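Structures incoming, each one as structure tokens.
Below are two complexes that have chain A in common, paired first with chain B and then with chain C.
Right, the complex of A and B next:
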């Protein structure tokens, strides 16, 4: 197991090198420079720009710059964001909390709705509930996320029941701690629902499928033959086995954290990492882009690893070889 | 051959499969006949009629007529019907000139009204362009990008995956590392990064092909891996050995013996991966990186609907492109699911009760 984890972490090194190298190369192909907007700003002196150019070796060709960047990164310096005037690490850490909050709450929502409905529609297969939920799942899987987000903003604007975008109200700093929590929760409702709906549909289908598989197993026959009541058979024996694939979804949420909610965050004006990365890409805030790419690859590998470990933990039959 | 024909029959007989096929047929007809169906060019503006609501059409003295509207409050785009005033809706009218399928010159449109009146089936947008016309033209982008994208992906995946599965060795190793690499990078970032890098100084047609190429470039890796796996398992079967013993060339074996065995998988995965391309283009255009104004695309039209004014003043007709995307994606998903059930009953998710 430890060997397996180590192997996966080792595979991260060439991946990170390759991805950052590619991004660096692609970004060097553009004509404009990330210092172009900075040069236009009057309050930054030419000496400072020169100093910055020297620090990141801007006068040098891109491959030399790549190694300079790499050198800086290995010394713990991920660079500086031109837009937000702060270090990339600080910026990412600040934004990742909001995104994590959003993703976890929508995962929680998806679990809370998908598991009971999936179980019920497997137990009462071909019933009205099963058909209705399958149909709804079908529609919501096909629903473009950004259209759903637009509809949610539209809904909020028309009814006034929910805030339109953002994570906090204007008066947030003056609220008491409890009111602060309420304020954030209130702002979270719509983005959570929008992001959660796709997850609900997917997980419901997985849950239903794996529950149906588990029902056919021999141990269910044994349990029934022993004379156990039906609900004990279903919830103690079948559910425990059927729920395994869903537990690993936690890992996948971490894996897709940086790109999963990019569109939703942008439309709903949610101050998360997706919004940051989009604007960084558009304004060629190179170090933010590179930093977030590194971060995103790390999360991807770690998330998949967590998913695998969780799966092995809940189901000891699964052994990771090598 | 016989077997294939029964697939088509069974597909059409299935209620979901049949309706999916019908919807798709209708959508592609709309896309092909777009210039004929659309009363106005997608870039045809009328700045006096911005955010115009859908015009009322009613039956009056043995013909359809279109109500005339008055702009009561230009600041909030409030239009009121002028009672008793209307203009006749004419069929097969002469309008702007176009070439059907890029070949047949014509200026006949299915319906229209005399200038300066305008008919807005689905209202107008912020520069008074007809949303219905733009929707119809936008279907050309969405519907073709899925097909072209999937074709490029399939050819790439089939070639690379097939070769690496068949030959193995160092080529296989290199290809598999490459696909792992491509699959590890989050697709949306790669998409944004690639598109961002290529700048915005492109014509509409160039942007279109750029998007197709970028989407296929991202999409082929997963596909190639599955093909490789299938080829690997097929290669060890006796009919391949027999072909080798008979002295057939590797390429011939790949094309004549292995490809037909992959056909059903290819068909199903094509239908199921087309929505990805449609959504990818829509998302890119939505973020302002795809099809540019004044061309029409569903994603681009939705981007305009992001304006706060739209939400506050209830211009609901600007959200119709989203419904168009939804219908298209549902139809392709349905087709893919039904095909999968037909081709490989093992994957059957739901059993339909028959008689």
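Right, the complex of A and C next:
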């Protein structure tokens, strides 16, 4: 198992190299850079621009800059944000926490709702509950996340029940530890719901389908023939076998949520990594873009790794060959 | 097999019908039915093996499942030791699950892949013998495994680590766990290799002698049924077309369908 994890982590290296190289290359294709808008300013002298170009290394060709960056990263230095005037690592640490918090809470929300509804609509297949939940699922799958986010912002603005954006209130630094938690949770509600709704619909359909498969299996008849009560049959025998696909979706759900959270974070003004990537790209804040891409990649691969480990844990038939 | 001890029947099935709806009309009432089991009657005496043969789709499995109440009958009655069991609720039927057990056809799918052999065998004990102590249960489980030719070292393995024949042995041990008097064997050997088939059939016959079990042996394989049955029912499209001792059926088949079945047995 440990070997398996190590191998996965090793496979991460070429992936990260490839992704960062691509990003560097793509960013070099745009003829402009961070300094372009400055060149248009009259009161900044060309000498000053040149000095800045030298300082940022923008006078060298992109591939040379890539290897310079790579060398720095290997020494633990992810560079410096030209916009935020702070080190990329520090910036990312704040943002990654917020994004992880948002994604995990919406994943949790989605699971808590999707699993019971999926199970119930499989057990009571073709019932009113089943049809209604299928109908609602299709509606929520068809709703784009950015539109839901806009609705949520509108809702918050109209009712004033929820904050319109941000991670914390202005008075956050002065709150007691418990109030701080409450404050963060309060700000998390709307983004979580918006991001979670699409996930709920997907996972509910997956859960329903795999539960229906498992319910028809012969070992369910065996369990009934043993004389086990129906709830034991359903939860001990069916659910445990039906949960696999949901766990393997964990990895790609994380990826989906991350890309979904890019839109949601931007619209709802939630200070996560998605918002950071977007604004950094727009302003060509090169090292921030690269740093964010590296971290998103890491999260994605780690999500998949966790899903694989969980699968091996719940299903004795899965052995990771070392 | 030696003759049965003469007594009142252990199980009697009287004009059993099981219909499945095919299409529902606008108001949810079924207009057309598949007559899976259509007016069937037979009895099983203590220690006796009754064979039920027919091709797939003839309703054999449905009969077996109806007796163990995995399927509700449409009409007719099923009596166990003279008491009706066809109209009991699942809860009322639970004590009878101790008496009537079932062995399934597919040893690969009939064991839950997530459970160890120990938990597969412990579950029926937990349900039917709630007073039994943990240590006793464990002893009983090991004893069951040894009875079917496995051993204690297999306790904490999972079903996928066993061969088809071994899994069917586990299925048999599972059925035996609660001490049943009647076992419905639903094609217990048809998914196995021929050499393994013989082992399992011999195991079933040994266990029958040891525990005085009665079997309803469901199979499409007339040769197997003839070998171990005291009495044979030939089923076609939900109806019994011929019944009698294996010799009668095998040597002097009367019905055209039975003749066809016998002709289909490969001879060497």
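By our rule, the second predicted complex is superposed on the first by the 277 of 322 C-alpha atoms of A that agree within 3 Å, B and C clash if a C-alpha of one lies under 4 Å from a C-alpha of the other, contacts with A are read in each partner's own complex, and residues count from 1 in each chain.
We adopt the following convention: a contact is a pair of C-beta atoms (placed from the backbone, for glycine too) under 8 Å apart; a residue touches a chain by one contact, two chains touch by 3 or more.
The structure presented is a predicted model; accordingly, all values stated were derived computationally and were not measured.
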Contacts of A:267 with chain B and chain C, given as first, second, both or neither: first
Which of chain B and chain C A:187 touches, first, second, both or neither: neither
First, second, both or neither for A:95, with chain B first and chain C second: neither
Which of chain B and chain C A:240 touches, first, second, both or neither: second
Touching partner for A:219 - first (chain B), second (chain C), both, neither: second
Partner with the higher number of touched chain A residues, chain C or chain B: B
In the complex, chain C residues that touch chain A: 65, 68, 70, 90, 94, 97-98, 101-102, 104-106, 109-114, 116, 123-124, 127-128, 158, 160, 171, 174, 178
Residues of chain A touching chain B in the complex: 15, 18-19, 23, 26-27, 29-31, 126, 134, 138-139, 141-144, 146-147, 150-151, 153-154, 157-158, 164, 205, 209, 256, 258-259, 262-263, 266-267, 277-278, 281-282, 284, 289, 293, 296-297, 300-301
Residues of chain A defined as touching chain C within the complex: 217-219, 221-230, 237, 240-241, 314-317
List of chain B residues in touch with chain A within their complex: 181, 184-189, 192-194, 196-197, 199, 275, 279, 282-283, 286-287, 302, 305-306, 308, 310-312, 314, 316, 319, 322, 325-326, 329-330, 333-334, 349-350, 353
